[in-house]
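You will see two complexes here that share subunit A, one where it goes with subunit B and one where it goes with subunit C.
Right, the complex of A and B next:
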């Protein structure tokens, strides 16, 4: 039983990262109807900013998170306003390919700037942790989970309680009607993508504390963000939080299966994904659109 | 769509130039390998096809198969299949297992590869093809990732069935003109794929698929058995992709998860079909040839690849990828209907055309 509790705790901690990666991806998908294949690359940009600030100025990694968010916000705004807005009415595959192209550019520019060496962010407290029953939980992992939940809560607040957030939701619900009531489509689209990118930046900062970072380290996160968002359901921040935590739990439990459970982590995740899609396409608590 | 339907003399000229150019490339590609035969060499003919030529030409032919096969499910039926590489890998492993473990002769093993790929596609197609849009794309992508992982890791009594992480080695074919054989095999597969597409485009089946693409509910009301049609299109696409995989396995002699289930193939085949013109007969072929030549040129594999200015040689592959990404972005932004429209006589290559296609899709 102790083992079970241990797995639950580890799963929830792993889920924190997925929540952080998933909320921005889910926002962009839900509102813009774009599956952003460059999301993982943007996450890694955030990770490199944290790494750079940490190694050059010895800033505490958690203090760099707002910087990650700001820079990625600006980058995201520029990408959407300058590029993606131009094909937003084209068929689905074109936005897929466009964001894949952006992904290719971002990853390879990172390769030029930082080479493919492994970079890790190790503040003085990275090795220590607290005992929670049978498991030792590292402070960084715990803080990462907390930041991820705060990020999701902040995003939900912005979306549901501010004029900007309501405008974003209106655009997501009906583009033409939103334009009729005077919402600036170009700006709102760019803002949505910028917020999604800012979330990716924060997620990247957290990830730099947890794993070694390379320019290509973000690719699995794009796929996992898919799974997380679909698992929870599109169109709600809380659904993504649920999906992320659940995905962390599933991953940890799958890896604990004796024998070769760990090598099937992707297969189990995607098998589950296909099952959810077929049985309950709106996700666990999502809204069908 | 605001594309002019009036006959355009300039467009016609482009179309003619394009057809002549395409025919010339085809003749060259089919004849050049013959100069590597001993008889041709002893007759003093120049060697037009060396080892590198065969490598690149066979890869191009392989992508012609994959892009054209994707076109059947993606271009004609309108289902954004993002996991076709699964069928490539399944075909490769089917052929590989039969040749390496069951010691079948290649020509007997090769026809089995498309059959297995098609059966697999039909099985997963029944649930997956109920999904639409992004959901189908993501689910098919997931399947391709999962299949690769399962094939690499599946074991019985801690003995890997399919060669495990160290991959699967096939016995090298004892034949003097191996390069020639595999090139022509791949070209034959490409011709078969184009032939099948040609037939589909003219058949009742093909009209059904196009009806599904344009409006699935309406197609269903008109009496098209949409499920059966979609699954059949998916299986057909899978069979042809699996055939290319089977040929690749014996050609490359060594297969593993990395070289027969690469995720980027999923993107590349779609890009090729789209750039050339999805849903058309020769569009994916033209797209595959152009794009693969470009990829090879940028990465420095072609003999004519010069050094890029301001780029140190070790950074070259990375810069090539950046350029490829930029080209991808520019292509998608300006030419949503595919380069083939320029040559198909439907539109003129002009600033006005670029501007119009940009305005059509932006907010």
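Right, the complex of A and C next:
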């Protein structure tokens, strides 16, 4: 029983990272209709910024998160405004290829800057936690989950309660109509991508705390973001939160199948994804488009 | 115009004079360059390990060319290695191997990084009957195909963690139970399976054997299973990234094993820089450490090798075993070419099969399958942020700090 409770906790905590990775990806996909294949690479850029600030200035990794967000916001804005906007109305395959190319460029720039060494942020308090009977809750992971939820809540607030957010949603709903009512499309696109990238940066900062990072470490996160967003459903931040937490739980429970069960953890997660797509194509709580 | 002509004539005379002097000078002459080809993952997921491999190869090239090259029948042949980037993709590695052989006409092949790429490349070497000496593919599956042209200088996979088990058997109070977490790739499974068979013969019980997807980033459930098994010894057969993730999760989830040992990872400087103090007390099986005490019959001593590495690659600490084994592959080639007195691929292949030489890396001798089962593995432990060799006692520089204190007491 203690073990079961511990697995639930571990799953939810792992899910926190997936929420952070998923929200930015879901926003860009939902509004711009771009499946951003460079999302994982942007996550890793965030991880390196946190690592750099931690090693060079001994800055607490959680305090570096706003820096991650700001730098990635600027980078994301530049990428969308300067590059992706040019093919935004082209078929999906074009943006697919383009973001794949950006992914390669970002990875190789990181390789040039940081080499392929494995980096990780290990502050003095890493690994400490609360023990509730047999259940251990790590402070770092708990804080990471809290940050992820706050990030999602902040994003939901911006999207639903601010003019900019409403403009972004309007563009997502109908870009031509949005343009007719005077929304600056190119700016709004760039802003959306920038917010998505900023979320990726924060996710990267969190990831640098729990695993070793190399320039290529982002690839699995693109895939996981994809699954998380489909699982929850497009078009709603809360759906991504649900998808992320669920994905964490599924992964942890699949991995704890005795014997070689965890080899199939991915297969189980993707199997569920297919099931969700068949039964509820809009995701668990997504909006139909 | 005239001055230019005069200068040109002068230059021509000088060139001819010098050329004549060098070829007529010493008793040894310079022959054609011997070229080696190696596909390496200079980009992609194996960049780190591939770069270490390249450093090992290049250290030898520098040294041997400083001597004038490899001597065959009194003629010195300088050496050259052609590298290609296989983007850490084993299929691409095989394509590049073929290109090296047919287009660039290299004389010999040096291995890529990793068991997967080595396995695909071995098939190419065999088809073309060009000898390949490899230093970074330890899976025995490579050597069980009946290949005649592939040789591995490193101890095979089944030996990787056996040293840790042997060491544990000498400790007191003796730990008795083992939890094994293994990645599901060929090499890691071989390491883990061999422990499953070997540990009971030494009086240990494997209470958990769990495989996970190679390259997994989230291993909390595996660590939880190991914790629930309450084993004395935590063994991981995987890769650097997984080793770091497991070590972090073990601390978070308060998995207090008396011994935590990893097949791959802790020997690299990255493990210590990524984990800081949390890297202390960790053990790993290593092909080689800078502390080993072998007396080589040629090339550099262990001490000089470490010094040569630090001079060429400053700021990177001691060479780790990936570097050393890669240099050792080159040494095997050098000695075999010298023994064969030829660069004929068949003759060099036969000389490799008969090779028995002591180097700074240990004994290099191949069994009938082409793998070096004669060199022992050593056990390393990280103590206060520094790698130390703790087993076997004949090469150890310190004793193991055992048992590992619980996370709360560090």
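Definition applied: the second predicted complex is superposed on the first by the 288 of 289 C-alpha atoms of A that agree within 3 Å, B and C clash if a C-alpha of one lies under 4 Å from a C-alpha of the other, contacts with A are read in each partner's own complex, and residues count from 1 in each chain.
FYI, a residue touches a chain if its C-beta (ideal position, glycine included) is under 8 Å from a C-beta of that chain, and two chains touch if they have at least 3 such contacts.
Values in this document were obtained by computation on a predicted structure and should not be read as measured data.
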>> Between subunit B and subunit C, whom does A:127 touch in the aligned arrangement: first, second, both, or neither?
In response: second
>> Contacts for A:111 in the overlay, against subunit B (first) and subunit C (second): which applies, first, second, both or neither?
In response: both
> Taking the superposition as given, does A:266 touch the first partner, subunit B, the second, subunit C, both, or neither?
Replying inline: both
>> Going by the contact rule set out at the top, does A:162 touch subunit B (first), subunit C (second), both, or neither?
In response: neither
> Touching A:3 in the superposition: subunit B (first), subunit C (second), both, neither?
Replying inline: second
>> Quick check on the output: what are the common subunit A residues between the subunit B footprint and the subunit C footprint?
In response: 108, 111, 260, 263, 266
> In the complex of these two chains, what residues of subunit C are touching subunit A?
Replying inline: 43-45, 47-48, 51, 184, 209-213, 215-222, 224-225, 228, 240-241, 244-245, 248, 251-254, 268, 270-271, 273-276, 278, 407
>> Give the list of subunit A residues in touch with subunit B in this complex.
In response: 29, 33, 35, 83, 85-94, 96-98, 100-105, 107-109, 111-112, 175, 185-186, 189, 219, 223, 226-227, 230, 260, 263-264, 266-267, 269-271, 273-274, 277-278, 281
> Which part of subunit B faces subunit A closely enough to touch in the complex?
Replying inline: 74, 80, 82, 127-128, 130-131, 133-135, 137-139, 141-143, 145-146, 149-150, 152-153, 155, 263, 267, 270-271, 274, 278, 315, 318-319, 321-322, 324-329, 332-333, 336, 358, 360-363
>> Under the stated contact criterion, what part of subunit A meets subunit C in this complex?
In response: 3, 6-7, 10, 13-14, 108, 111, 115-120, 122, 126-127, 129, 131, 136, 138, 140-141, 210-212, 214-217, 220, 251-256, 258-260, 262-263, 265-266
